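Chain lettering (A, B, C, D, E and F) follows the sequence in which the chains are written, and residue indices restart at 1 in each chain.
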């Protein structure tokens, strides 16, 4: 069930049987010459939507702009300051907890969000811990590529140069989600360089077209479909287990 | 053009011809017995998407959770605290301005957001005004029902009891956007009461099923399509004019 | 009764009969060549003071610097950032509620404050709504020119070119309040231009002497007295009604 | 000159000759059985107004609610959280500096404000110091009872039991400013106890009627006039000297 | 007992007999040509450690970076913004109160911290006062040079030119604490100038080598030992008394 | 070189040859029955101090209270809220950068700090990235157990049940640093359970004496010395390399 397309009585009914919700959380940032700016939001969104339908799990709205300051050297990238994101995630948590959701599962699509989401969780727990109260809810962060079995599928499809940013896998997932947005772009070098980075200027200097370690030229909607199928299955299982814990 | 499905070189190319972008901004909150929780985000999103395609205008990600504290008495409603929303909107503005967007047009779908969006604009301008610098960008807020001609269409379709929350018009638009989410619910009274409110408990007490002044039982996708068509046309015209100013 | 000139036992006694208080809220900003910088604070202050005396209503201190970033191009104008103003208003509300004031009526004198005051109200209510508690107080915002009958008086006195900033009406009110501060200044053009604005530099460029749409050259203390009289009467009635609701 | 009753051209003209401004800063808090809640704002306000007239010095709006959490046990007392007050004072400073005021003199009427005002100054300076820039303005805090000669006058008028809160001196000043607000109240004990305090509940328990160490029963407007006269003279001299430094 | 070298069961046992803790709080900032950057943290730290051992008092971690914006013109100086320090001190207080510490005694080594620590206390108390709750803990700030008898010892050792920053006394204490860090530096003028200051650039211009009014060339570890001995004795007495109040 | 025991001219001289500094960063939190509350601050502090001496590297003050909300169920544990820690770390960075430090190496001793430190780095970089400026400094986070070769030493000394909280290794390091603080405590079970946790109440319920997966009963100062030796060597090498990059 999608919260966004549900009515409040439908959500109320759902809460009688389950206290769990999945929140897709991503980013709006460059994904190389043939990747979509929304990639990191689209991937968890489509996986969560399909898992929600398959498993009867509630899926909340997508948190679609995250911490992507290092991508700001490329047009269209957007970022929240981490302190803003911590405040916003806490407002989301507080709203959901208000209704009785006690298992909030963030399915994340962006490596750059991980630290801030975990800090946001600690901020949330801290208010209970400092008050010597038992926090009545549990928060969980899972990156979609950590769902069990998903990385195996990705590696079997893209055994080399899947990469670490603008990966062939994630771009395939977005092509599956938005077949009209498939882009064919000549990339050079074929496989992007690897390395670390600090701010946006540093990132742009090191990674001229935005990719890190990837060759996404072989990305297709069909491959994306397979990845989503694997993710859907694992997510239903893992989120359901979390909801019951 | 949708920023989320564009690549960064496509955005870079767009910026050579236009400095304008539309940001759909809404809320996740109850919309009565047969309305979608995402209504206020979905309406500006679908209108902006169609206008973007029709007019070649860039459309950014949807800001999908707004200020809806008064709806928290109904399951699934979510809110940002206004101070959080001001911070987040400013991060979005700063990100877009970083790339050269100098006309940022917020198409809003939620009355409860208006004050906070305007405060966020003032927060943004204030940093320039206090520094005695000329702000290099312009911000604009338009509620979709204020697009020229749109209210006329709504009134011609729903001459009575369109209402002010969970309106027949907005629910029609969401049914057009999500035909699978159409809900048929008996509502009583047929036309919801009207009035003002303060917090969530107060709202719930006054408006038992969440609607204000509306009878959305006649909402259909076909009617929604007409409203969107009117909005699309007006939005192309008005946003284009704003982008050129 | 003025809170500022009352003792705490007097306030305690007042609270046995009424839980309501009026807070004049304004701004410190340019009001054209012959207008006072304090205009927007002075108008609600004098109206509230007279209504307080006439109706036995408690009047709190004047919140005298608001959101006026767009006026910073003119000497003497001051602004709070909206996020600061939200925090300050909430501290005022929390203080008053601490003593049992449960009806807090903000009489506003500045259009630029409206959005931020409403956002501040939502920030206040949100803390109760998120905690699923009933907010024990009600907040109300009224602009003095919206008090019933007041605009009619203004229009009868200044049928043309009352304007929308540095209006003939508001300057008359300040001349009534501060007869020693009456200023006679030649203005050109006689009627100021109209239009919208963004930041301070933009405002200054569009409105060379600070006025918008007004010709305040006919402002007098006598006219101001009439406006205040109308406001006093309406405010006693409307605030008293709010206090009892 | 009062900023509040000046026009922007008058402020602009003033700035050609002086870069200095006095900001009265006080509090809204209980001052015992016969004292006004506005005492701490009224005292610096009236002193600054008279000094402004006598010395041709610009006087800004009164910052009228300060840090008074410890007085909240008595009806009508209001407080800002220190973090809010720091933000607000910085907005005031930034606004005034924007126009070229480079000597900002805070005339304070409330002991409980001192720490927060000094912290606000450090917050302001820190932004320049961290940027390795020279701060272009100077900030000064003076408590009115520290103006040279003023304490001597107070002691000569009230040689015993002037006290440290709700002092006979400060209440005299407010009676001078608001002769209609003179209150005659039997107080017992005649001289209030002395001591320290923490929060509001602690304060109320220790100081049953709000006074600390004072016997304000002899306060009169005539005595207040003498104190104000001494303060006016000292303030003209000291603020003028500061403006020129 | 040092919290940092204690185990949690040891702290739990301590809390059965005492609810008090001493927090050394200082700064990291230049202390002239022969002074240590850590002087203001080291002094209260060594005094508290010795008093803790002598009197069986719990000593918490040292808060070692304070408000020192004015020293940033000299290499190595560090500062918190006052608003950050208020937040951090409140987190420390909330943590300690969580365990049942109800007497928190801050032993301060830096004049520049005083205002911000007091503001932090008011911020802490305000949350209770606004909620009309009795604050269950007490906070106390003592500067080490105010411990009874300590200044007498300092003056007997350094009858002239102890100074007000980079004092001979405080540098002696650090030499006692860190005998390996003794520095012999020719200073000119022998006694540093005195005066006030605003930001870092202003400070550097007025006080060329960082000292204010001091001649620390006679500082020795032996003299420091005497000062610490006096402080230890007074601190045991004064903190113990506070813990029992 | 220790910043805390250096003078400003010594730091100035250092900066002529190196722009790098190491900041030990830890936590104050329970470490089981025989572990020190300061363990996570002490470990990086002693390692950094020794590496600083061995390699001539500047070592700044220790950031000694981190994010440890989950340990608040055990007496003496302290926490910063993540948002506070982000603000404080940014003030430290801004202070150090002010003097020309362009390589800031945080040697961390607490797993619970990692996310917040990374978020703080992103907050710092974001201000440059949003302004389209090149950030002039680089920030690096290394957990001491990730220093090359250190884990091998730990595993060779404690091949089983080193654990993940209150590890035998870290407690050995603290015994080496504070031989007087060695504690002998019977623990049962000998090896603590493993698992995840959320807030403080949850943690306490799962891990009755505070340890996770460890048997620290064999911790000794001698073993700690070996670990520190390995860390010292690696840190000199790795920090020096970072400073030159």
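By our rule, a contact is a pair of C-beta atoms (placed from the backbone, for glycine too) under 8 Å apart; a residue touches a chain by one contact, two chains touch by 3 or more.
The structure displayed is predicted, hence computed values, not measured ones.
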Report task. Could you work out which pair in A-F, C-E or D-F copies the interface of B-C, where over half of the contact pairs coincide by residue number? Result -> A-F
Report task. Starting from the Cα centroid of chain D, hunt down the chain whose centroid lies farthest away. Result -> A
Report task. Return the distance between the CA-based centres of chain B and chain D, expressed in whole Å. Result -> 47
Report summary line: The distance between the C-alpha centres of chain A and chain B, rounded to whole Å, is 24
Report summary line: Multi-chain contacts in chain A, i.e. residues touching at least two other chains, fall at 72, 79, 81, 83, 87, 95, 98, 129-130, 132
**Report entry** Pairwise chain contacts under the document criterion
**Finding:** A-B, A-C, A-E, A-F, B-C, B-D, B-F, C-D, C-E, D-E, D-F, E-F
Query raised in the report: Inside the complex, what are the residues of chain C that reach chain E?
Result: 94-95, 98
Query raised in the report: So in the complex, which bits of chain A are touching chain E?
Result: 129-132
Query raised in the report: Where on chain F is chain A touching in the complex?
Result: 67, 69-70, 72-73, 79, 81-83, 86-87, 112, 114-120, 122-123, 125-126, 128-130, 132-135, 138-139, 198-202
Query raised in the report: In their complex, what parts of chain C are in touch with chain D?
Result: 2-12, 15, 28, 30-38, 41-42, 60-62, 64-65, 72, 74-81, 83-84, 87-88, 91-92, 95-96, 98-100, 174, 178, 180-181, 183, 185, 210
